[in-house]
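By letter and in written order, the chains are A, B, C and D; residue numbering begins at 1 in each of them.
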Amino acid sequence: MDIGFIGLGNMGQSMAANLIGAGHRVTVYNRTAGKAEALVQRGATAARTVAEACRAEVVFTMLADDRAVEAVALGPDGIAASLPAGATHVSSSTISVALSERLAAAHAEAGQRYASAPVFGRPEAASAAKLFVIAACAPGVLQPLQPLFDAIGQRTFVVSEHPHTANLVKLSGNFLLASAIETISEAVALVSKAGVDRQQYVDILTSTLFAAPAYQTYGGLIARQEFEPAGFAASLGLKDVRLVLAAGEQLQVPLPVASLLRDRFLTLVATGGGHLDWSALATLAARDAGDSDHSA
Amino acid sequence: MDIGFIGLGNMGQSMAANLIGAGHRVTVYNRTAGKAEALVQRGATAARTVAEACRAEVVFTMLADDRAVEAVALGPDGIAASLPAGATHVSSSTISVALSERLAAAHAEAGQRYASAPVFGRPEAASAAKLFVIAACAPGVLQPLQPLFDAIGQRTFVVSEHPHTANLVKLSGNFLLASAIETISEAVALVSKAGVDRQQYVDILTSTLFAAPAYQTYGGLIARQEFEPAGFAASLGLKDVRLVLAAGEQLQVPLPVASLLRDRFLTLVATGGGHLDWSALATLAARDAGDSDHSA
Amino acid sequence: MDIGFIGLGNMGQSMAANLIGAGHRVTVYNRTAGKAEALVQRGATAARTVAEACRAEVVFTMLADDRAVEAVALGPDGIAASLPAGATHVSSSTISVALSERLAAAHAEAGQRYASAPVFGRPEAASAAKLFVIAACAPGVLQPLQPLFDAIGQRTFVVSEHPHTANLVKLSGNFLLASAIETISEAVALVSKAGVDRQQYVDILTSTLFAAPAYQTYGGLIARQEFEPAGFAASLGLKDVRLVLAAGEQLQVPLPVASLLRDRFLTLVATGGGHLDWSALATLAARDAGDSDHSA
Amino acid sequence: MDIGFIGLGNMGQSMAANLIGAGHRVTVYNRTAGKAEALVQRGATAARTVAEACRAEVVFTMLADDRAVEAVALGPDGIAASLPAGATHVSSSTISVALSERLAAAHAEAGQRYASAPVFGRPEAASAAKLFVIAACAPGVLQPLQPLFDAIGQRTFVVSEHPHTANLVKLSGNFLLASAIETISEAVALVSKAGVDRQQYVDILTSTLFAAPAYQTYGGLIARQEFEPAGFAASLGLKDVRLVLAAGEQLQVPLPVASLLRDRFLTLVATGGGHLDWSALATLAARDAGDSDHSA
């Protein structure tokens, strides 16, 4: 299939590479051109503009935030303006529910198809084609996409016919991750002040009730106080919590733990930690416990 | 070894049975006598008083709360008054850090030994000898206990030489469970108001980032709205959150998520849900979202 | 002076009337025309369009929310497009800091002047010319406005040369009011469950430490459970808390009590109370205490 | 009347002096003897023991906390053991609801009378006999006490026949004060980061909606960052919030703002600010906003 791929960060690079590996003709585009080179060597074509990447049956976007997606998809010479009628825009970025609704409307108006397909998984999983794809789109739109999702992930969950619902599910997942980070941080602050070894404590949790990837990954970072370089920056954590709260407000669903997380991330950012990994919330729990050793 | 076992609820029954199965001579005691029968048929001796159960090298207690342990251990004719010098009291109940400190002092004064060994695991794990034992005691006290812990659990974690630290770790574990319940509840309230199927949503979580026993157990209960009969009652959840907050106050460690949980459990109890499973926190998240269908 | 006045709700009516009373020539405009009649009888001229109301040295706006102000000020044929160069737009609405910044930029670009002058006080105070004016603008802009502020209020506080700062101060005042409402509500839920008479309790507070208008007004409403008709609707309370949180996020200032208030207002709105007075937060405190008598 | 007065801190000194001034025979007792001297010069008799101070028709206690009151009232040779049958213990200390209930029971058993009469007002008000007395006792107990309350305060509010209810009202008042401190702190952090002068801001609040003693006192301290010496220490603030939460738990009334305050006070204490005035909560709001200038 002819595929365009826009957004070649850590995640996008691997996803595009796996689409090439599955035998598709992939045209790649990134605002910073250098990122395309490795993929070109694997057989991709480099586009010089978004419009060039849109000469395809399917165009993926995997970008940092609402602003980037809005510019690429809805701006002049953007996807909505360039993609052929009947072709599909697959949005895999973590964006707001509201923007996803606007994308759906814009593509419908332009006679294009639109699917929302954010993913769960870190760069390692993207590289290994082990992502989990959270897909939402009309049934007829989904079918031709399934082989593409199979090329990048280990499993696809179709959660709704309404694309923005997949964005909601993705944001709720990031909310749950941030919640796990905060609660592990509080528990570690508590037991380590009583002399328990942080690493042993996290080992106990992740050998027993919390033997889950999320707790293993973030528990480990917190135990080792390994907040740089960021796998996912606190400033992005703040953004995602803001988006999940906005979705909650639109749906009229209060989310008290998300409110608490928002204040924590905001504190972290305001005190100079926006560039740290979002697991650096742990420095706040330690700081508030007067544990000057372990604070940032 | 000659072992006394006091407290024959769901958990205690299975633990005592596994000690018998490992070849020990076990004398059992429960305030309500009927509970001892099944164990007597397996070879246990029934004690008529706490003092009788204390004619042993090691006496376990597995009771509901501080009040029960205080009465049995520190009351007249209790363990501290009855246990031979040099014998060991192993406290496996989920009790406060403060009471554990008082037990340590009382047993030291009486020339007895004391170990704290609360467990992670539900009744099924106790029955299958698959508990996780969180142990804390002086090194010399631990060694002879290890075969007993091996008889009831799949693994022992020794977290400190100070017994009360094991209680802190256990309480922190319950705090993390309650936090997971609350955050799953909020996420489910959010996505289900957008039309996502609760069961599918929980399946997604527990197949991906949150493939952990805690999320599987409580996510399932929340998806199915299966809050009766309680595996662990909301009123006990409130008690454990209170104990973890008290420990945090003693150690001067603020625990904002625990504070939020306290208010949620208190709301659940005040509005008539104290007897429900603690996962019924989900009814509050649904209620506050105006989701009258799913509220208690 | 020739003055335009746009927005003739409860507050705007009285403010415009007091400007007429002070001898100014006032042209009034409201989207719903009927509202102008009473003012015309007092000597005002009715404008049929925003542009007509802008044939003035100063044009006031006193509108419900950002959307209304944006439409009137920045829309086609709006104030920025119509007001003569050198004339001043005085924005008295409770709007976001961000919109106030956009207004400042738009008026600067059009060669117009801009002052932000939100007010503290309820409709009775507006009618009695007893408002408090929170003003922010360049010094040269302020001077000719002072007599106008004197005509509508008892005192003017100039808080900054940057207009949007006055909006921030106004929003922070509404945050403090909402906080007082929530904390009175919690305290009343507590003591009334112990049998203390609500009205007597509020009398005690407002005769002693809290002898302030805010506590008298809202304490009284809460004691009498008098939530309809709304003096200020819960849905507007939610809006203002959202705006203060947005301002906090822009300035990187966490506001944990505001976060809590957001969840409370959202709960009130989601459960059908958006039209009630914002003091109906008290129904949530009562409900969560299981006090079915006093809940909405 | 023959009156005993136990507890001669800032508040107690002034209250005892005013009782002497009203013509009563007052026997005073303080654990640290020196405190009695000034009162002896005004005509008081110094007691060497609690029991001596109990040779009276009425004995007041005005002590720091539960522990002090428990020791003086319920200890060996304490009030319950020493006061003549029919005489009255008036407890004016800020103590827990639970202790007040125990005092009521102990005095009833000893054939004594008991009234709870905590006060609102700072040392200046005590000195000027301008306190507000929050009284609760059986009607027959109250009547002979009224002239005594008139001697120390400007007004008496009788809130219940159940003495502990007065303690609840007093604690709820301290909760409201702490809430005002926290919300002013957050608002000041917000507007001062936007360049508004703190003192001017507090002047605006206290000239308008919040023209109340509580806002004037604490707003002023926060604006001037005047946290030492403490008028009321943060560690006592933590204690009172703990007591109001305990009362809320007993009555099953969630108090989310009190929970938040508990974490804030605990943070302040854990980071070395327990000795500061409780208005030093403002340093946390400033610190979390990254405002290093204004943090402790």
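Definition applied: a contact is a pair of C-beta atoms (placed from the backbone, for glycine too) under 8 Å apart; a residue touches a chain by one contact, two chains touch by 3 or more.
This structure is a prediction, so every number in the text was calculated from the model and none was measured.
In this structure, the chain pairs B-C and A-B differ in their number of contacting C-beta pairs, and the larger number is found at A-B.
Each chain gets a centre from the mean of its Cα atoms; the one farthest from the centre of chain C is B. Averaging Cα coordinates per chain places chain B and chain D 39 Å apart. One simple way to say how far apart two chains are is to compare their mean CA positions; for chain A and chain B this gives 37 Å. Rounded to whole angstrom, the centroid-to-centroid distance between chain B and chain C, based on C-alpha atoms, equals 53 Å. Across the assembly, chain A contributes residues 248, 252-256, 260, 263, 266-267, 270, 288-290 that each touch 2 or more other chains.
Per the touch definition, chain C reaches chain A in the complex via residues 242, 248-249, 252-256, 259-260, 262-264, 266-267, 269-270. Taken in their complex, chain B has these residues touching chain A: 120-121, 132, 134, 155, 157, 159-160, 162, 165, 168-169, 172-173, 175-177, 179-180, 182-184, 186-187, 189-191, 193-196, 200-201, 203-205, 207-215, 244, 247-248, 251-258, 260, 285, 288-290. Taken together, the chain B residues at the contact with chain C in this complex read 263, 266-267, 270-272, 287-290.
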